[in-house]
Amino acid sequence: MSYLVEVNHLKKYFPLKKGVFSRHKDFVCAVDNVSFGISKGETLGLVGESGCGKTTIGRTIMKLIEPTSGNAFFDSNNLFLLNPKKLREIRKKIALVFQDPYSSLNPRMQVRDIIAEPLTTHTDIKNSQLRDKVLELLSYVGMGKEHMMRYPHQFSGGQLQRISVARALALNPSFMVLDEPTSALDVSVQAQVLNLLADLQETFNLTYLFISHNLSVVEHISHRVAIMYLGRIVEMGPTKNIFANPLHPYAKALLSAVPNPDPDHQQEEVILTGDVPSPVNIPEGCRFHTRCNYKMPICQRIEPDLKEKEPGHEVACHLY
Amino acid sequence: MDNVTSEVSQTGRFERVYYYLYLMRKNRLLMLGLCIGMILFLTALFAPWIATHPEDAYGSLNMKEKLRPPGADHFMGTDNYGRDIFSRVVIGTRKSLSIGIGIVLIALIIGLPLGLIAGYYGGKIDELLMRTCDGFLSFPQLLLPIVIGGVFGSSMKINMISLAIVWWPWYARLVRSQVLLVREQLYVMAAKSIGVKDRIIIVRHILANSISPVLVQVSLDLGYAILASASLSFIGIGAKPPAAEWGLMISEARPFFLNFWWTTTFPGLAIFVSVFAFNMLGDGLKEVLDPKVR
Amino acid sequence: MVIVLTVLTMVTFFFSTIAPSDPAALWVGPRPKPQQLERVREMLGLDKPIHVRYLHYVKNMVHGDFGKSIRTKQPITEELRRYFPATIELVTFAMIFSLIIGIPIGVYTAFNRESFWDHTGRIFSLSGVAVPIFWLGMMFQLLFCSFWDVLPLQGRISSYMLYTNPIDSITGFHLVDTAITGNWIAFKSAFIHMLLPAVTLSFASLAFIVRLTRSSMIEVINENYIRTARAFGIGENLIKYKYAIKNGLIPTITILGLSYTYEIGGSILVESIFDWPGLGRYMWLSVINNDYPGIMGVTIVFAVICCLVNLIADLLCALVDPRVRLTGSR
Amino acid sequence: MNRDNILLDIKDLHIEFSLYKSTLKAIRGISLTMHKGETLGLVGESGCGKSITASSIMQLIPCPPGKIVSGEIRFQGENLLIKNDNQMREIRGKTISMIFQDPMTSLNPVFSVGDQIKSVIKHHEKCSTTAALNKAAEMCSMVGLADPKSILKKYPHELSGGMCQRIMIAMALSCRPSLLIADEPTTALDVTVQAQILKLMRDLKKEINTSILLITHDLGVVAKTCEKVAVMYAGRIVEYGTLQHIFKNPQHPYTQGLLASTPKLGGDKNRLETIEGNVPDLTTQLNGCLFKPRCNAVNEKCAMESPGIKEVEQDHFLSCHLFNTVK
């Protein structure tokens, strides 16, 4: 099977400046050796708690952040080795939608100009053609002419997120990175945006990388899921398998911690002790061993690799 | 408290403009500053027609009228050469305003782009620029102009340039700090992800969203620049006699002002009022533009 | 800091060498003879190449020798040593004055927003930074010395005091010296001489401190943790004067260094008006007499003071704000 | 239900905020009864006024611009709205405590956490500093913080979000209040930490028998912790009942829509139901049922009069004209 998007051994360390006098440099290990692939038309959900590096992955793929090492392929072009001109070409095919709709749109620009920005940057469309195109894009997301001249502050969060999606669609991308697109929205509006995304995927055969901390949303929209902990993927596989039968102790705890809006839903709760360690001092060995309930001696020394347990279902744990 | 405090309006393209105009009208400070500022500019523009004895500003002596107190002929009295102080103060407006604007403009022209670049790109350039700024800012503002003036002799032009040299770091720092805030906004990253060119990002997204504190600073600084250049003239660097310059007029009156109060009081008031006006203007603008102070 | 000082010496030295007027000519006086000029040039070392002169200058400076003043023909180091305490005393007194007055006003107006005193304080602080201090000093002289005649016009101490109640110079600060030795008559004289210049000098930073304290206090009382304190039933006064003040004063402390350097700059103006025998007046005299070695000497001393003050301000900041203390960066 | 058992009784509360050129009627007539020992969840979307309701109980609404127009809040039989500041201060933190959404900014950054807990205890119990510090350490170990002595010496920025929230809870419970108001206590936290905090709150409730008013937008959190639920929409309570009533037998179209649009773990992968349209603009004069523009089953009555809140079965209250027709 060939992937549309493939990421190999991606690493991103952020240098941490400590004081004026100390020369010693620490690193925030945001993404540590992550590999995955996404087929065409598929949605890969990337879940994890805050600070686990999921947003960094999305931004590194877009080359908004320089990777420390590793490769990312899009349509068999290595994104990290392309010259700037080629990269601009490729970028048209990849779009990004951000978490916070209130700050991802420039408050001093009209909706018309916001949506037209990708078009004016990459194409020569002008005047009435441009206007028609903007209208068409707005109609995809269920908005119309009356919204074109307004400024972002005149819209609600859900509408703003629709505008962001419309902008992302402007250049007919084939791949979209959705960075927590619904976490700033209310549930009823979230449902609208999720449905919209599903519809668009069907209409344009889009491929999604869906980044979120909300497991219920990820389960709802993704075909496959990757669970991250402290910069690493600890478990990855088809959505159904992962949610029915999580293998990694962290995945188990995470799933059991999701509050289910059903009072009769009785589940055994796995409560983890302590907090996520700082990404500056990652524990030796398996990075989860400090909070793991199934800790073995080997976990303190050797870091487990992702291994295929069932077909397509990989897990990084010494238990398996 | 949810969205109680965000005053989102759903109607009208110019709603925001109206809103600012409304706040501006409501702000007495701003309006007062604006009025005095306008009067100052008009005075500067029509100075030769307003002054009752315009020739006095350019060094004509009239020893018969020496040190007259304020009266019908001389609203603010005369100085030790019999020159009409009112006329000299009025004509001095030109010099003070133009030097103030000059200083701020030069400082802005140097500081704004440097701050933008340092803030946007960061790294080594940023480090170098900020250390330079720190260096400048940790000394009294008047020190370097005094040294320069003391060494090169005094002239208004040198005065202006040397003040601009110590002034630009303030702008560089202000712009940089703003850019650092705006740069982290997601719309900048969104523009980058679309592939918009750096130049356009800087102008359309970053500059447009970080300019309002700079505007505030400019209006405040117009006043401070006038004050600083007057101070230099007072020390004896800058304007040369017989020029009609406020700081110089006060300095010239020093030997005898204890007996002839009007010789220093009025030029000083002129400085005070103009600096005060620009201060009010800047402070009012800040209240209008910055929701936090409101 | 060392870099800043090095650059500064280079800049000032560079300026003095490219200055349009000839130091030797100034040394000799009007209508010099060529031989005289030659001799003075040699004496001042002006015939050597520029980098040699610079190194020589720096070497001497490190040894505490700033050369001789062209104006007074005295060694500058000695003169600076004599004038140094007077300036420090004046500026520190002014600084303390502006803090003691400024912080309470700022806090009070912040807690009583939109009240009569708030508006008054606001106008005061706006005008404070707008008033030219040299003019203000002269107005004070007009009022207090000429019109009401309650305070001395200028100087650091009454001249007859030197005969009637001579001051034992221990620290060089008159107020401290007289207080230690119990010389209260001289103390009183020094104090009343200090009042006008110090108030004049502190005026701008006083206004600045009022403004800054007010705005930062207002910001702090809108913070979440103040709401928390209220939600736990802590009394309004305790919230204001214990919880909010510590947060609200942090910005004021961070600008202490800045205000001090600002007042040092202002001392040039104020000392020249009040004939205060300090560095600022020395600077002024050097400037109007084109005395480059003098200007350079004072500049270097001012720069060193400013660097030290900024360092102390940073340390003070770390003392108050635990966040700064731990991250170690500014 | 037993009358003496009523802890908190809110009657027809109206709150307004004056804004630039308009007035925001944030709370439009809320009536709510809470019994002793109960955990009540107040749910709703952003802007529906749930936080304002909570703050109004503590009288922490900044006024101006806020103003309680009418209504009455009875706590243990006493009307809180007629109490003066001093009397309220006695109640705040002692009999009613409150914790907030963002634990990191809710603690003062320049005082150590021990200092902050200590001063709350000292303020209400009038005891010595050492006694207060001991009590603080005791509270810390109660909320599951290991090594309380060293934690008390730390500053808020040295602690994680979860730890700060534990400190807040310790502070809130230190005087054994009869009511704890928790305003979105876990929204800023990660899921695994949220699970820790929710478990802690459940355990502590059993231990010290405090009633909890939990404000949240997350139906999952409510289902996990509460016994009773009140659903708010646009400044009104639209439905109020036990957990079973609301989740298993919702009657109001908004409650139904809200539940259907929430993705559930293990739920079917069909399209999510949505509630079309937007929340009404609360600065305008609104007549009739506020949910009418987004409701699929409107009748002529909805536009005319605002539906009052009625008990439709025991302990299940509803504010909808459709009730009889739906059944």
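We call the chains A, B, C and D, going by the order they appear; numbering starts again at 1 in every chain.
Simple rule for what comes next: a residue touches a chain if its C-beta (ideal position, glycine included) is under 8 Å from a C-beta of that chain, and two chains touch if they have at least 3 such contacts.
Owing to the predicted nature of the structure, the values given are computational and were not obtained by experimental measurement.
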Note: of the two pairs A-B and B-C, more contacts are counted for B-C
Using the mean of all protein Cα atoms as the middle point, what chain has its own Cα mean nearest that point?
B
Computing the C-alpha centre of each chain, which chain sits at the greatest distance from chain D?
C
Centroid distance [mean C-alpha coordinates] between chain B and chain A, Å
48
Would you kindly tell me how far, in whole Å, the mean C-alpha position of chain D lies from that of chain B?
51
With centres defined as the mean C-alpha position, give me the chain B-chain C separation in Å.
23
Inter-chain centre distance, chain A versus chain D - centres from mean C-alpha coordinates, in Å:
32
Tell me, which residues of chain C touch at least two other chains?
none
Please set out, as single numbers or ranges, the residues of chain A touching at least two other chains.
none
So chain D residues touching two or more other chains come to 46
What residues on chain B touch chain A, complex-wise?
8-11, 13, 15-16, 185-187, 189-197, 200, 204-205, 208-209
In their shared complex, chain D is touched by residues of chain C numbered 223-225, 227-236, 238, 243, 246-247, 250, 320-323, 326
The chain A residues in contact with chain D across the complex are 49-50, 156, 158-159, 186-192, 194-195, 198, 213, 215-217, 219-220, 243-244, 253-265, 269, 271-273, 275-276
Touching chain B in the complex: which residues of chain C?
3-4, 7-8, 12, 15-16, 19-21, 126-127, 129-136, 138-139, 141-142, 145-146, 153, 215, 218-219, 257-258, 261-262, 264-266, 268-269, 272-273, 283-284, 286-288, 290, 292, 295-296, 299, 302-303, 306-307, 310
Applying the document's contact rule, which stretches of chain A touch chain B when the two form their complex?
59, 62, 64, 88, 91-92, 95-96, 98-100, 103-109, 117-118, 121-122, 149-151, 153-154, 164, 167
